[in-house]
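Structures incoming, each one as structure tokens.
First chain A sits with chain B, and in the next complex the same chain sits with chain C.
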Partner chain A sequence: MTEILQENLSKLSINDKDTLKSSETKITSQVNPTVSSRANLKVFTDVTDSFFKIASKIPFGEVVKSNQFKLLEGTHALEILNPKLDSALLDLTDFDISSVKTLDEVNWIMMKLLGCLCSWLDNNSLSVSVLSCVYIQKLLLNYQNLEDPKLTFDEKPNGDVTDVILRAFSLGLLQFVKFVLKLGQSGVIYEEEDLNTQTMDLDFLTKVDVAETDNDLKVAIELIESNYGNEDGCNFCLKMLRLFEELLKCESLLSVNADLYTHSEFDSTFLSRQLQLLSELKDQQTYLDSLKEIPNCFSVNIQRQLNNRSPPKPLSCLPFAVSVESLIGMSNDLVSITKILEITDVIELYEYLTCFMNRRLNTNDPDEIIGNHVVARALMQLFLIRDDRSILGSRKWFISDMMLDLLYKVSLQNSKLSKIDTMPGFEVNDISYQKLLAQLESPFYNYLTSISQNPSRQRQFINKELILWDTLQVEAENFELELNPKLNDNFIDSNIPTMPVSSFVYYFKLVRMIELMFKSIELNLFKDLREINIGYWFLSYLIGYLTQHIVRLLDINRLRQTQISNYPKKIKKAKGDKKLKLKEEYESHKVYLDQFLRVETYLKYQMNKMELYKKLIELKLTTLQILNHQGYLKLSKLCRAPEELLFELQLKSYQSIGIPQLPTFKDYQDSLTKFNEVFDVLYKQKNFRYFKSFIVTKNDEINDDLEKLKELASDLHYNQLLTDDMMESFSLLKTSSLSSQETLSTLLKLLESEGPKALKVTIEKLNYHLYFPNISIELQ
Partner chain B sequence: MSNIDINDIVYTPLSLDTSKHSKESINSTILELKSLIDKHLSEPYSIYVYRFFLNNWPELCLIAKYGDEIIGCIISKVETHRNVRIRGYIGMLAVNEQYRGLGIAKKLIDLNLNSMINTYKCDEIILETEVVNKTALKLYENFGFIRIKRLFRYYLNKHDAYRLILPINEKSTIRSTFSVILNKEELIESKY
Partner chain C sequence: MSSSSLSSSADVLHPIDLISLPYKLHITDGRILSGILISIDDQSNLLVSNVLETNGDITRELGLVSVPKSTISKIYVDDNEWNKNIRYRVKKQSNE
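And now, the complex of A and B:
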């Protein structure tokens, strides 16, 4: 039955003129017929009667659809006559484009357009923002008029303020939109989630050169300068035009071709000028408040008139002050991208990229977690990694080179494995070694691409990366363990192999495992005290493994330093060819001494940071486990899943990891029970002396760690931007530390004086370190 | 509404059975459901969305009625996820504001979970909810749902969402890559 109906329904094609000729009617399209998507839709056929006749035979409750798709795919369709989904139901408004005559009116439109642009960059569609302006719509439609393309609002421009100033501004804005569309469509960020690149089939000036628009902007600036006085309106207009002159230079970042660590020259003064202009524009609010609104200049018309794949939505335009702040944020983020050119080695670059990834926009809304500006995020990846997989467009540096550079610095330098290609008898092993190195590129590439993602995606990227590192660790270990009896690269006076590649892989795996957990805390994935307790407990476990492993990396580093310093003695004892060979080796090894010292400092810094994290976690865990003793970590009575299953789901990402193995739920419970037993005795005696001195000790230790971190950071001689970010992070860690101490202290005091009374426990994020939100406690 | 006796609220699954209900009554129920959801949820849903859920899994559309009035509903589905586990999905839940605070949403979720667990043998049940919708989050999280992922600007209103999962058995706790593929006869696919 369904098949017959489908066959009948398929006959209802608008091309089937034989069967439905009588009901054919002509309807002229309401929009410019030159718009390509509508050009073929001049003839419609009324099939209503035939449709209902055939459809009446469908059995009640049956769904008739093509076998080529699932109904699920249809759920993305826009439904005709549904007011929430059908933009054809929107009311059209009229606007006479020749009605705008004065500079103030043009300024009002420019102010609104800037708000629309920033609204688009804030994840709204072009149709509800930039394209809602009648002038922009006109300009783009005239531009893509196949018969007579024109870059004007009107058929016959008369050279007034709109034709010169608003036109130049609009072109500047559209060129910038074109550039951002290019970024959005390059596949480095996510459609709709990060940026909406639907253009309603409009051509965003693909054939108009930026230089041409730049010239239009200059002509408009000259016109203002020569014809208007130094009033507020004139100043505002000039600044807006100049702002777009500078914004159009952002694209120049993509044509930079530089070698890493060479301090390449790049003229980034346009970014300073952008920031200066934006700062001056902030002061124009009083003038802008005096401007009169121009009704219907911005409307929903375009949502109804052009190819719209979205439901009807209200217009979106950010207030001027918010727009300016948003662009300041973007320009500052772009400035920080240019700092890559000042970086001196891969250690600094790795730290810089991690720091860039963790930058967050300060908002007053704890539910909003926003990273770098979307333009900067997309641009960063395209700037860093080019289509040919080169770094910064260098001819020397590709992703694999950068990864190898990092591997050498962390653990491979001066190892026997690194010279395997020159050692006779190791030819077959060298092939396997090269394959292993090639495989390392995959998780490293994933890391490099994660830095440009929004905070939620960053976590997903890390989650995916863990499997890659874990698989590689097994392969690297097997390879190195099998080869080492032949290579004999062991620690001094021991049979323990150094295993430089496995050590590198394990280090990054642990670092990313820890980052994943911290990001879960940052993204509020742990909803309550019970879950946060699991998170910190597991983090403490992971950090234990990482600090142990950093000790190993430091041992490798010191081994290489000792090997270099042992050469003079060996050379002294040796004779003949052996002496010469040792001398040669010494010369080639000792050039890396400074590098080893620097990496040693870096590893000490990482060790210190992790130890600091662990102490902060100890403060949190103590508070949480006392709250557990008081019954604040219980599951809801309605809960339909056993706690063990919830524990395992919460740590699902780690289930498959070989080493370190995920501790069991029993391990977790045992640790809680142990604490409870000890605390119970003290609680009954109201004896909290141990905990009070614990707070004092942790405070001293954390302060010492922070001081050491500052010293080590200074010894690393990072660039100013990175140093500033690190100092800010230390300051937030200090705040989190103080608040954690205060919370624990408050809790102890309440238990001491009030006994087991109802407490109000809240988690506060604002103004605390991303990974250490405050747990605030007070009497209910 | 303090004068409502919650015992008078009746919870029934949607029935498309024309031997028990007239076509007009079924159509009217569907329209009423659509109107309730459209009024209370921010996302716009087309008729295809409703038909996808209601025609494929009418028994997973649970309706709360007070007298003749539909005052709440929950709409769900069950499908195989990546060929390794059976996944229930709560698509929509709405309760008329006049009847809130009476535990109707809680009851709808509870009954719906029972169907997905007992009838469909789901390994896990998932849903998405807005980060800012604290009431909904608390409601689901009290049932044991866990925030497994944050979805950046997931909704048309630009809010982030959490993907919540309620694990029913250990299959839910293993990454799909490392899970055992289900047999063909274990797979559940939508009819339409």
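And now, the complex of A and C:
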């Protein structure tokens, strides 16, 4: 055995020498600046036969792989010589960049480039959109030419329309792409899910200042103004150049440093100008339709020529009208971001952020839920939360301050706990209290970051946040219950402790639990009526808890108001130093009276909203449970999983929550059985009078609630944008309410006249509140 | 490389020894792919990472690439790394 091995070793050493001499079987890697240095100075030997002989030892059905490599990653691999995956198989096209001579031709390219930009912002890659333009490719390659970097299309520019106008436009566009790439790479939004930031390793003008590009745009504008008449082409070109002048100013939002609630000045007129230019550009469609296409100016060449880790893809360019609409949406979303500077207190700020997070673009596609524009989402978070955790770059407001401000407003203001740091004998407790407050920052930060996410990620963020709130609730309750016998901060004439911190935590936990379930409905996660029924049934359960808890918060609020109003009586009775002390206390407390009144209105508003939701849910549940009676909520015969398991899986996110405890499957079944028993009697008698009057009652109650909500919203004096958003939401709730009533009424009529016949049940989302899609019922 | 050494490396090396080595794969259409082999299946289809594709004058990065056996005309390997593996196997066997 040893002899054979020795022989092998000696063969190997001979072989080494042989291979070093042989020039036929070896290649030394070429020294090429574009090739990574790791490949240099290595000697490569032809091992084709040995390789396949060794590989043939792999047993059938097995894969040999590196330990670090996960086979799932292999699904992203590009397969050589597969036309669908190998970009080297793409056909190259020729285009002479000096062939474009007229302004109309330049305008056509600019129009297409705008479509490509919006297509990229619509989550396509740069390689199939912006970089598919031969001029953009040339400009970037010339810019990163190590020997002679130039910001021109050609070696020797001759100052024609392409060299001045198209170049300036391209630079403006690339500067905007650079800005969006910066947003995309900042870690706020998700790669590929929200924005594709693959740049094919091209340098997007990293060393070119925006001011320099702005100057190029100005020169181009002057050139057109001085050399061209007032024709359509000239107007279009000017507007496009001016549009990019304004778009480049979006970055200024990130340099705003403002204190919260101070109505800081910020010149956002560039956004109005953007919107104005976009609105004017919309009217130029007739001119654009008259332009001739320039063949091969946009091509797949770059996918074949540059670093490319993606399979070949067809080019993507949005039509001009769609692009303009998309940019209008973006500008409007940016305008709404600037409104944060007009906000007057944390209650309004919290409501504004929640509203911003829930803004949706209604679409026909049931699976497409579109939130704010991706640029606005990324900008919002970077604008709101800075690297140093300050809010809006303020020196006074950090995340912890904002969280504390909200806590004080909701439940902590004027509580004994809030003064613990000044109370003798509570030093140790104060340390624990400060620790508890510091812990609150974590779920609050999660909330702040969730507002910039896409609708699906928002749900994921809320899911994560629930655990944080739940853990904190336990800690806060233990702390406050232990401390209260010493503090004695109870409701009037009772031994019930106010527990302001726990109350705050529990409130936000319940709100987020409800949001999580509503977002599951919004995202269409529940694929059949049975799941939707469970969803609404559980929501009704949670809303019951929340409304009870809001009553508690209102009681705390009123307690503090009463405590303030009791001061004059106490002062009257007191004498000497005690009188003076009480007077001081009264002065310091009464300044918060307006704040208490405002928070009371806010809590009433929340209460009313939840009651309205509950009534809408009752309408939905009645319809769904009648459908259940008719057998429409049964599991498919093919489904092997027990219903209880499916119930538990659907509510899995809530299983770890301590309070409120997750209701059992039996609770759910009992509720269905109870309804079925009652409905069965009525159904046999074809007596649906109760349900008909139920619809009328709910309609009246919902209308009353909506009116109350409008009144309360007006009493809260929110800014116009927030008020408008709320009014739009009320209008959608009204539509959903009417549709729910109509559906229930139709169902009853069908059962009354037709008896048990096959029904077609569909879920419709368009033009309805996303939490309450319409359940449409008709005869099959 | 002599036929005897071919048989020796093929006899000594195990399939796992082929992994993580730098290769240059000559493709039937004339391209050369340089990269690190990370996986190989029973049909000798390869998964190669950090691939640099050389196609005439153009060299570019492709990332993770799957190379079916049918598309390979030649396989070149970094001599040093290959021989290191052989020496390791031989030494291991002699110890056993």
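Note that the second predicted complex is superposed on the first by the 706 of 780 C-alpha atoms of A that agree within 3 Å, B and C clash if a C-alpha of one lies under 4 Å from a C-alpha of the other, contacts with A are read in each partner's own complex, and residues count from 1 in each chain.
Keep in mind that, in the parts below, a residue touches a chain if its C-beta (ideal position, glycine included) is under 8 Å from a C-beta of that chain, and two chains touch if they have at least 3 such contacts.
Because the structure is predicted, anything quoted here is derived from the model rather than measured.
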After lining up the shared chain so the two structures overlap, which partner does A:Asn123 touch, if you call chain B first and chain C second: first, second, both or neither?
first
Have a look at where A:Asn687 lands relative to chain B and chain C in the superposition and call it first, second, both or neither.
neither
Determine, under the contact definition given at the top, whether A:Lys57 touches first (chain B), second (chain C), both, or neither.
second
Per the contact definition in the header, classify A:Val43: touching chain B only (first), chain C only (second), both, or neither.
second
Of the two partner chains, chain B (first) and chain C (second), which one does A:Ser588 touch, if any: first, second, both, or neither?
neither
Contact-wise, after the overlay, does A:Ser653 reach chain B, chain C, both or neither (first, second, both, neither)?
first
Given the touch rule stated above, what does A:Leu645 touch, chain B (first), chain C (second), both, or neither?
first
Contacts of A:Leu78 with chain B and chain C, given as first, second, both or neither:
both
I'd like to know which partner A:Asn257 touches here: chain B for first, chain C for second, both or neither.
neither
List the residues of chain A that touch chain B in one complex and chain C in the other.
60-61, 63, 65, 71, 74, 77-79, 85
Mind pulling up the chain B residues that touch chain A in the complex?
16, 18, 23, 26, 38, 44-49, 51-52, 55-56, 106, 110, 113, 117, 131-132, 137, 141-144, 146-154, 156, 158-160, 162, 165-170, 172-175, 177-178, 190, 192
Interface with chain A, chain C side, in the complex: residues 1-2, 4-6, 8-20, 22-24, 27-29, 31, 33-34, 38-42, 44, 47, 49-50, 52-55, 58-69, 71-72, 74-80, 82-83, 86-87, 90, 93-94
Under the touch definition given earlier, write down the residues of chain A that touch chain B in their complex.
60-61, 63, 65, 70-72, 74-75, 77-79, 82, 84-85, 122-124, 190, 192-194, 311, 313, 367-369, 454-457, 459-460, 467, 523-528, 531, 635-636, 638-641, 645-646, 648-650, 652-653, 655-656
List of chain A residues in touch with chain C within their complex
2, 5, 8-9, 11-12, 14-16, 18-19, 22, 25-27, 29, 32, 34-36, 38-39, 42-66, 68-69, 71, 73-74, 76-81, 85, 88, 201, 305-309
